[in-house]
Each structure stands twice: as structure tokens, then as C-alpha cells.
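Okay, so chain A shows up in both of these, paired with chain B first and chain C after.
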Partner chain A sequence: MGFRDVILKPKFFVYLGCFIVLLFLPKILPIYHLILFESGITFAIMALGFNLLLRYTGLLSFGHGALFATGAYAVGMMGEYFPDLYRIEILIPVALAGSFVVSTIFGFICVRHTRVFFSILALALSMVLFALLVKLYNITGGSDGIHIDLPIIFGKSFEGMKRFEFLSGVYYYLLICVFAAATIIMLAIVNSPFGKALQCIRDNEVRAEMIGIRVRRYRLYSFILSGLFTGLGGAMWSFVNGHVTPEIAEWVFSGEIVYMTLLGGFMVFEGPIIGAILFTYLRLYAVSITQYWMFLIGATLIILVLLLPEGITGGFVKLFSKMKRAPSTGVA
Partner chain B sequence: MLEVKELVKDFGRVRIINSADFKVEADEIVSLVGPNGAGKTTLVNLISGHILPTSGTITFLARNITFASPYKRIKMGVARNFQITNLFPDTSVLDNVRTCLFSVYGKIKRGVLPASHYRSITEEAVGILDLFGISGKKDLMPPSLSEGDKKILDTAMAFALKSKFLLLDEPTSGVATGDKFKVMDTIVTAIRREKMACMIIEHDMDIVSDYSDRVLVLSDGRIIAAGSPKEIMEQDDVKEILFGVKV
Partner chain C sequence: MEHWVVYLLNGLYFASFLFLTSLGLSIILGVMGILNLAHGSLFAIGAFVAAWLVGGYGSNAPITIFVVGLLAALGVAGVAGLALETTLIRPMYRRALEYQLLITFGALLLIEDVIKMIWGGTAYYASKPFTVMGSLDIGANQYPYYFLFAMLVSVAAGLGLWLIMSKTRVGIMLRAISMDREMAQAMGIRIRSLNTLAFGMGAALAGLAGALIVPTTPALLGIGMEPLILAFIVVVLGGLGSLKGALIGSLIVGETRSIGIVFFPEIELPLLFLIAVVILVFKPEGLFGR
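The block that comes next holds the complex of A and B.
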């Protein structure tokens, strides 16, 4: 399949259409919703990485919050300790390097196990990082966290600008470009021979080993790649939020990552993206309706697992295939 | 090519393989026969590195591989199929074979271009499926195949690894009786053409005598007889073990 085949696929036009819609979104959405949407997009970048592990490698991580926090804290610490280097073109690579290191350490320990053992190990390690972020308050700011200033983007300073102006202007376009790049890269990864190898490991690790795939090593690669996407999401999120606190390393947030992915549907490549954006709104509306919003989120999760185990996109795919089949078999 | 010496495998206090000794020469197709529980599959597992022996040595191409990892053995050229089919259920039939080829050609680490970009490998994968007569089902998922087709796919995957030595654990079990010879014809023709050595575990004595150069008889973890199919079938003790008839 060459470049031309990719362009001629109908899916390509859908993507292109979505991207164009995204470009015009600041003109349509009110500022408040736009910022909410941006935070959804950063979650989507993270969820893409998370789903590389869940869908394509068959590993459910309950510790991705820590990797997200790594990316966000990398930005925050750079602002604290190296204010001269507070430029987006330096911050992003630093965040990626940070999440590379952390995910390599986490991955090295976690991929020795699979299934629930993997999940618990990831959870435990993420809580270690959470504890460090809280306890080392003279370095990390403890539970107060770190304030995130507006970065210099390609030499352009935004000092004195209001955050919402910054977020609805240049930063929005930067964010969707990063998001588009992340989506394309992830799409390439999952369809490549490497991605196929991961799927083989997920399906049957014994056989995967017997066709000459180094199972553990490939799981580690997958974990690191996933960590990079998550860290990137964290870094991009930190500017949107304006403040990082240790809560994002806690298991509650790790659980929310799982929730987003399940909500969107992890069986479909685009599922986590949709899940992440929907989740941002869902949480907001739940909070605005009742103070027992967590109860509401939990209830939705139960309904989701019972009625739509493959998430929203999974449900749509099922519906479409049913509608397609209906005329030929005569069964509605 | 392959030499197994005084190989012993204990599972707890039960000795499954009891000092097995045999050789397989290059280009040779050897059948391994024996009653149920003789240790045939265990022997395959030991040679492929699936499990490790208690004592003894396995030498392949003059190198000691007794405790080598399965990965190393595959890179050296020992491939196997599985008696109980062992496929990648959520991956298409084509990808089941194609991933084997990516692994063989060292392209498995490529993470940028889509798998379908590697045209020659895709064509080769389709060619292998064609050879085994299941290329029409390349886009299906393995669980929707018949048991026989699954078995054939399993063998095709082992074959795709382009090994020097192929271990086939009952390649025709589960295949419809009428198709057995057709499947064996396919496999054996392909093996002969690629000049692979091969060890086949088989119960059907007609298949054994038609397709193998040599037969090894395994009983209670020991090789009790070896020779051409004809010689073997004439030995009374072998008949007694294999068919349970007192001669």
C-alpha cells in the first residue's frame, strides 16, 4: 500500500474532514467549551497511548496517571528550575524524555507479568510516584503542585496575555497539530509489522514466542511507546490546566483513563479519542448536576459495561454491521 | 543435523522421557510414532525449547541447544507446529502467516509503514496460504475456520518460518479423513522442495509409511526401534506396542 492508496481510502477523507472541523472550532465554540475541549484533546492523545497497551498489546495498565503526571511535571519543573529554557520546542522533548525514562523503569518491572498482576504492579508503581510528588514538596511543590506559565512558542512570547486568549489562539492550533500527528503516528504503529507483532503477542504469547518474537521485549517497547504518548498528553494538558498537582499521578486518575477508553470503546482505533473528549464533558456535567458526581460516573460505568461492553464506538460498529447484513439475510 | 543424546525429562516423580537417543539427518523426513502417553509431544516440546530437559543434550547443527531459548532455536532454524492448534485468534489468517514472515526476514521491528506496504512479503504469505489451499480464507479470523483448516494454518505458520528443521506434531489430526493425504502431499512436497529436515508425529500408519524416510518408535520415553517404515512394521514388538496385538 503506497501513499496514494492511503489517500484514496474513504477513511482518509473522514479524517481530513474531522481535521478541518477542528480548525474552525474556535470560531464556533464559546471559549469556555473550547478550553474544555482542549483538555479533552490532551486526554485523547494520552488515551491513544493507553490503548496501544490495552487493545493492541493486551495489557491493562492502572498506572498510566503516573506517566501522564511525568509529562506534566516535566513542564512544571522546567518552569521552576530552568525558566530560560521555557520554550515549547524544548519542553515537549523534555517531557517526552522524562516519560521515556519513567515508562522504561515502570515497563521493565511490569512487563514481567500480564493480566491482573501487570495492572496491580503498574498501579503500585504509580502510587510510588504519587507519594514522591507529595512528599518531596521542596522539589515538586508537594500537594500544592506547580503553577504552569505560558510557554514561548517558536520564539513568540505570550507574557501578559490572559490564559484563555492564549488557549483559544495559537495554542489551540498547536494542540490539534500535535494531536493529528499523534493520531497518524499511532495509526502507523498499529498497522505496521511491529503493531502486528504486538497483536500476536496479545492473542497468544506462547505462539508469538514460537514464531520468533521476543515477547517481553516487545511488551516493553509497547509500554514505552504508550508512555511517550501519555507523557505528551500530560505536557500538553499542563498548559491547558495552568497548574499541575500530584492528583494526576494518583490511581483515581489512572482509573479515569481506563474509564475514558472503555467509554469510547477500546476495540476501535478511534474509540479512546471519542471516549476522552466525551468523558471531559460527562465529568463536567456530572459535577454541575450533583455533588455526588462520582456516583453518577460510577453508575454510567456499570451501565456501560452491562449494555455496551465495547463502548460507544463498538456499539456503533455493531449497529452498522447489523444494518449492512439486514437486507441480505432478511433479519432486521 | 539434529542429535538427541540421553535426554531425560521428569515431571515431578514421573519420568516422561527416559534416556531418548536419536539423530535426524539433513533432508530427512522422520516419523515419530508411539502409543498415547509415550512422550511424543514432550519430546517435541523439549526440542523446540518449550520446556527444558532434566538431563541429556540436544545438538543442532553441531551446536548444543539443550538449554537455548525458543527464540534462539527459531533463529537457528528449528520451527514447530502445535498439536492443539495455537493460532492468533483476533488476527486475520493472512496476518497469522505474514507475521511469521516478518519475523523471518527481520522486519518485525519496522514500525512506520503499514504491513501491507511490504508487498513481496504479503504475496509470499498469500503464496504459502495458496500452497496449503486456504488462500481463499485469508481475510477470515481463525476462530471461523473449520478445525481442519485451523490445523492446516498452524502448519502453514510453522512452514512459513523457513526453518531447517520442522517439527510437526500431528499435522493431520482433526483434518477430515479424505483430506489427510492431500494435506500431507502438500506439506511433504513443500518440505522436500525446500530441503528441510522434518520430524512428524503421526498416528496413521498409512501416512507414516507413505511419507517418511525413517520411523522412530517411542515407548515409555525411550526410542525402542528405528528404521525404514517397512522394517519397522515387520518387527513384532513394535506391532505389539503400536496396535496392542500380541504376536
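The block that comes next holds the complex of A and C.
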């Protein structure tokens, strides 16, 4: 697919339009909603990575929270132990390197299995990281976590600035650029021969092996790539949240990652992005209206699984194709 | 030397309720092919029912009320399991793995808050049976009789289950389903009702385990999370759907914990996971898996 083909597709204009809207969002949204939206965007980066594994490789990880935590904690630990290097252009590569190491270890063990055993194994490994984060409190701050200072962005220091000013200013545009880059890279991965090979493995492992795809190794690559995106999401999230605690490594958060991906609809490339942003609002809304927010989240999850298994985007796609078909078949 | 005896016996106590929890998880996973993430919540239901009953009696609770509490926990968790299976899990058998996991995850969130609605956010104490039973002297150390009692209950439940699974018609049918679902159906076994039964049995065992832990730890919100994770490790270690596997797995986990807590409390939990991972890498089907 050449450059011209990409430019001429209608989808490209939709993306461009979305990006332009995102650029003007700080002018429209009130500050509180903007920060919430930013945390949704960081989740979206993570969900993109998660969906590479779920949708395109056919592996359901119940331990992605640990990879998210790796990115976030990489930032926190750098601030704690190497304050001189607390610059975003160093922090992001460090976070990526950290998640590369952790996801390589996790992936090496997990990809030996598929289906439910893959999920259990990923969950178990994420709990190892969780336990380490809690128990090694001398290094990680234990259950209190680590405070995240405002980073230096390309030589510009923000010391003394209020966090919300930082978040609604420079950081928002940085985050949007990172998000756009992540989306484009993921789109490229998914449509590359490598991405097609992954989908082939997902559809039929034996055939993939027969045509010469090294199944286990490709699964590992997919896991690592997925981990890198998740770690990037975690690192970007840590600045928005201002504090990292071990809860993000716990498996309940990993379950929420699965939830947001399915909420948006994992069969559509953009689904997880929409799901992640929606979930952020849904969760906050639930927490603010009732102390039984887990009940609300659980109930919506169950309803979703029972009635709308393709998620929101999947539901739209179905509705759309029904409307298209309707005139020719004569059934409205 | 005497210390070691006590550590090992403590490990056996850990192992005893872990055995019950993982047995239930293993039955559900083996027969129905569903990983029940809400299993810890059923454990919590059992814990709250027993603690509420025994604690409600105040300081002069007779020991029989605890036995009633155990049975009530078993029953309530079992009924909750039956309700869960018929309403939520049943439509999921033909669905993809991610939906099966998510529906039990949803059930987990739901049940946690239902517990909060019924019993509030406070802790329930029921240490009475523990103090009433007294303790046994092992050299200079004391060992509570209650721990022995818990082991006895656990062994009795395990033995009962083994008898059901190997001697009765229902047990044989359940094993047939776990070996080959379609063939079992073709032979005329009614899979639907047996699925419900298996889920109820698993849930009841989790409830019993929850009730057994209550005399030593107060019933709190989220009490079921750790047993759930440990039960995962046991199932992974021991292999799917194997009674022997659940027994050996929970012994390994129980003893490792008990000794680990004494000597290296920081890495006791990671160590457990490490053991599980090593076994899985070298023996993917678990120690006694098929």
C-alpha cells in the first residue's frame, strides 16, 4: 500500500478530522473533563497494545496491568533515583526499555500456552510483579506508591507549575502526538506482513506452522510489541495521575483492561480506543453516584457480554450493514 | 526441631482450606471448561455467613453453632453458585474464552458489592471456636486444636468428594463429561443439569473453605482475593481436574507459604509463583494433569 493509496482513502480524512478536533479540545472541554480525557487517551494507547494480542494474535492476557505498571513505575523510579535524568526524552525510552524486558520475560513463559492457560499464566506473573511492588517497599514505596513530579520536556522545566496547568498545556499536545504516532504505528503493524502472519496464527495454528511461520516466536514478538505499547501508556498515564501505586499491577486492573477493550469492541481496530475513553468516564461516573460502583460496573459488564458482545463499534458496524442491506432485501 | 514441626503443621492448616478452594475451582474448570474468577467471592460469601452466625451469638457461642455455621456457609455458597450458573454462566458455554472470563469477572465485581450491601463494610470476628478448642503442647510451642479440626473437615470433604466422583453414577458421569464433552452428550448424559450440579458443588466447597478460615482471620471485604490467586497456583501446579493434583498442589503451596513467611516474608508470594512457573515451563499440563 503506497503513500497515495493511504491519502486517498476516506478513512484517512476521518483520522485527520479526529486529530484536528483533538487539537482544539483544550479550548472546548472544561479542565476537569480534559484531564479525565487525557487519562482515557493513555488507556487508549494501552488498549491498542492489548488488542494486538487479543484481536490479532488470539491471546487473552489477564496480566497486562503488570506491563502498564512497569511503564508507570519506570518513570517513578527514575524520578526517585536519577532526578538529573528526569527529562521526558529520557523517561519514555527508559519506560519502553523496562517494558521490553518485563514483557520479554512474561512472553517467553506465557506463549508456551494458549487459551485459558495463557490467561492464568499471565495473571499469575502479573501478581508476582504486584507482590514485589508491595513487598519491596524500600525500593518501590510499597502500597504508598511513588509521587510523580512534572518532567522536563525538551529542556523546558515546569517546576512550580500547577499540575492542571501543565496537563492542559504542553503535556496535552505531547500526549496527543504520542497517541497519534502510536495509532499509526499500530495500524502499520497490523497491516504489515507480520500482522497478517499473526492473524494467520490466530485463525489456524497448524496451517500457519505448515506454511513456515514460526508460531511461538511470532507470538512472543506480538507479546513484546503489545507490552511496549502498554508500557508507553503506563508512562504517559503516570504524569496525568501524578502518583503510581501497586494497584495498577493487580489483576483486577488487568480485568478492567479486558473490559474496556470489549466495551469498545475488539473486532474493530478503533474499538479499544473508544472503549478506553468511555470506560474512564463510565468508571468515574459510577464511583461518583454510588458507593456500590463495582456493582454497577459488574452489571454493565454482564449486560455487555450478554447483549452486545461485539462492543459499541461492533454494534454500529452491524447496524450499518443491516441498513445497507435493507432496501435490496425489502426488509426494514 | 520442634519449631519445624509447628511450621509444617501450620502449612498443613493453610493447605487444608486451600485444598477445598482449589478443588472447587478444579471441578468447575475440569467439567465445564470455565475458569471461575468469581470463585474467591463464593469463598467470601462462606466466610461472611459463618462469621455473621458465630459472631452474632456473642461470647457464649456454643461450639455447635460453628458447625451450623459451616453447614450454612456450604449451603448458601452452593445456592449462590447454582443461581450464578443458571443465570449467567449457562449462555456462555458456546461462547469464546474472553466472554467466559469476562462474565465471571463481572460476577466477581457484582458479588463483592452484594456482600457489601448485605453485611456492610465492617469486619466480622468469630474467633470463638478457636479459643474454645484450646491448644496442644508441642514441646515449648502451642498448637491450636482448631487447626487440627480444620484439617479433619478438609480431609473429610475431600474423601467424600472422592467417593462421589469414583463410586456414584453422578460422579462417573461428571468425569465422562470432563474427558469428552461431546461423546458424553452423545451417550445421553444430560450435560445441562450436571453442569449446574458441578458448579454448585464447586461453589459449596469454596463456601466451606471460607467458613473454615473465619476463626483465625476476620471476615473482611476482599477476603476471597488471595485464596483465589493461590487456588490458581494450586490448579496450575497440580494439573486440571485431578483430585490428587489439587491435594499435592495445595500441600506444596501451603508448606511453602508457612515456611516462607518465617524465613523470607518479602518474597514468599513471588517464590510461590516462581515454583508454579518453573513447573509449567517444564511440565505444561501440571504435575498430575492429563
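To be clear about the criterion, the second predicted complex is superposed on the first by the 332 of 332 C-alpha atoms of A that agree within 3 Å, B and C clash if a C-alpha of one lies under 4 Å from a C-alpha of the other, contacts with A are read in each partner's own complex, and residues count from 1 in each chain.
Assume a contact is a pair of C-beta atoms (placed from the backbone, for glycine too) under 8 Å apart; a residue touches a chain by one contact, two chains touch by 3 or more.
Everything quoted here is computed from the prediction, not taken from an experiment.
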*asked:* Let's test your reading of the overlay: on chain A, do chain B and chain C clash or fit side by side?
replied: fit
*Look at A:157 in the shared chain and tell me whether it touches chain B only, chain C only, both, or neither; answer first, second, both or neither.*
neither
_Touching partner for A:255 - first (chain B), second (chain C), both, neither_ = second
*Based on the superposed arrangement, let me know which partner A:214 touches: chain B (first), chain C (second), both, or neither?*
first
*Vertex at chain A, arms to chain B and chain C: angle between C-alpha centres to the nearest 10°?*
80
*In the overlay, answer first, second, both or neither for which of chain B and chain C A:197 touches.*
first
*Based on the superposed arrangement, let me know which partner A:206 touches: chain B (first), chain C (second), both, or neither?*
first
*Which chain, chain B or chain C, is in touch with more residues of chain A?*
C
*asked:* Let me test your reading of the model: by the given contact rule, A:131 touches which partner, first (chain B), second (chain C), both or neither?
replied: second
*Which superposed partner A:188 touches (first chain B, second chain C, both, neither)*: first
*With both complexes overlaid on chain A, what's the closest CA-to-CA approach of chain B to chain C, in Å?*
14
_Contact residues of chain A, present in both the chain B and the chain C interface_ = none
*Can you check the complex and tell me which residues of chain A touch chain B?*
1-2, 188-189, 191-197, 199-200, 202-204, 206-214
*chain A partner contacts - residues on chain C that touch it in the complex*: 29, 33, 35, 37, 88, 91-92, 95, 97-99, 101-103, 105-110, 112-114, 116-117, 229, 232-233, 235-236, 265-267, 269-270, 273-274, 276-277, 280-281, 284
*Considering the complex alone, what residue numbers of chain B touch chain A?*
48, 50, 70-71, 74-75, 79-80, 82, 86-91, 95-96, 98-100, 102-104, 107-118, 157, 161
*asked:* Taking the touch rule as given, give the residues of chain A at its contact with chain C in the complex, in rising order.
replied: 54, 60, 62, 109, 112-113, 115-117, 119-121, 123-125, 127-128, 131-132, 135-136, 251, 255, 258-259, 262, 266, 291-295, 297-299, 301-302, 305-306, 309
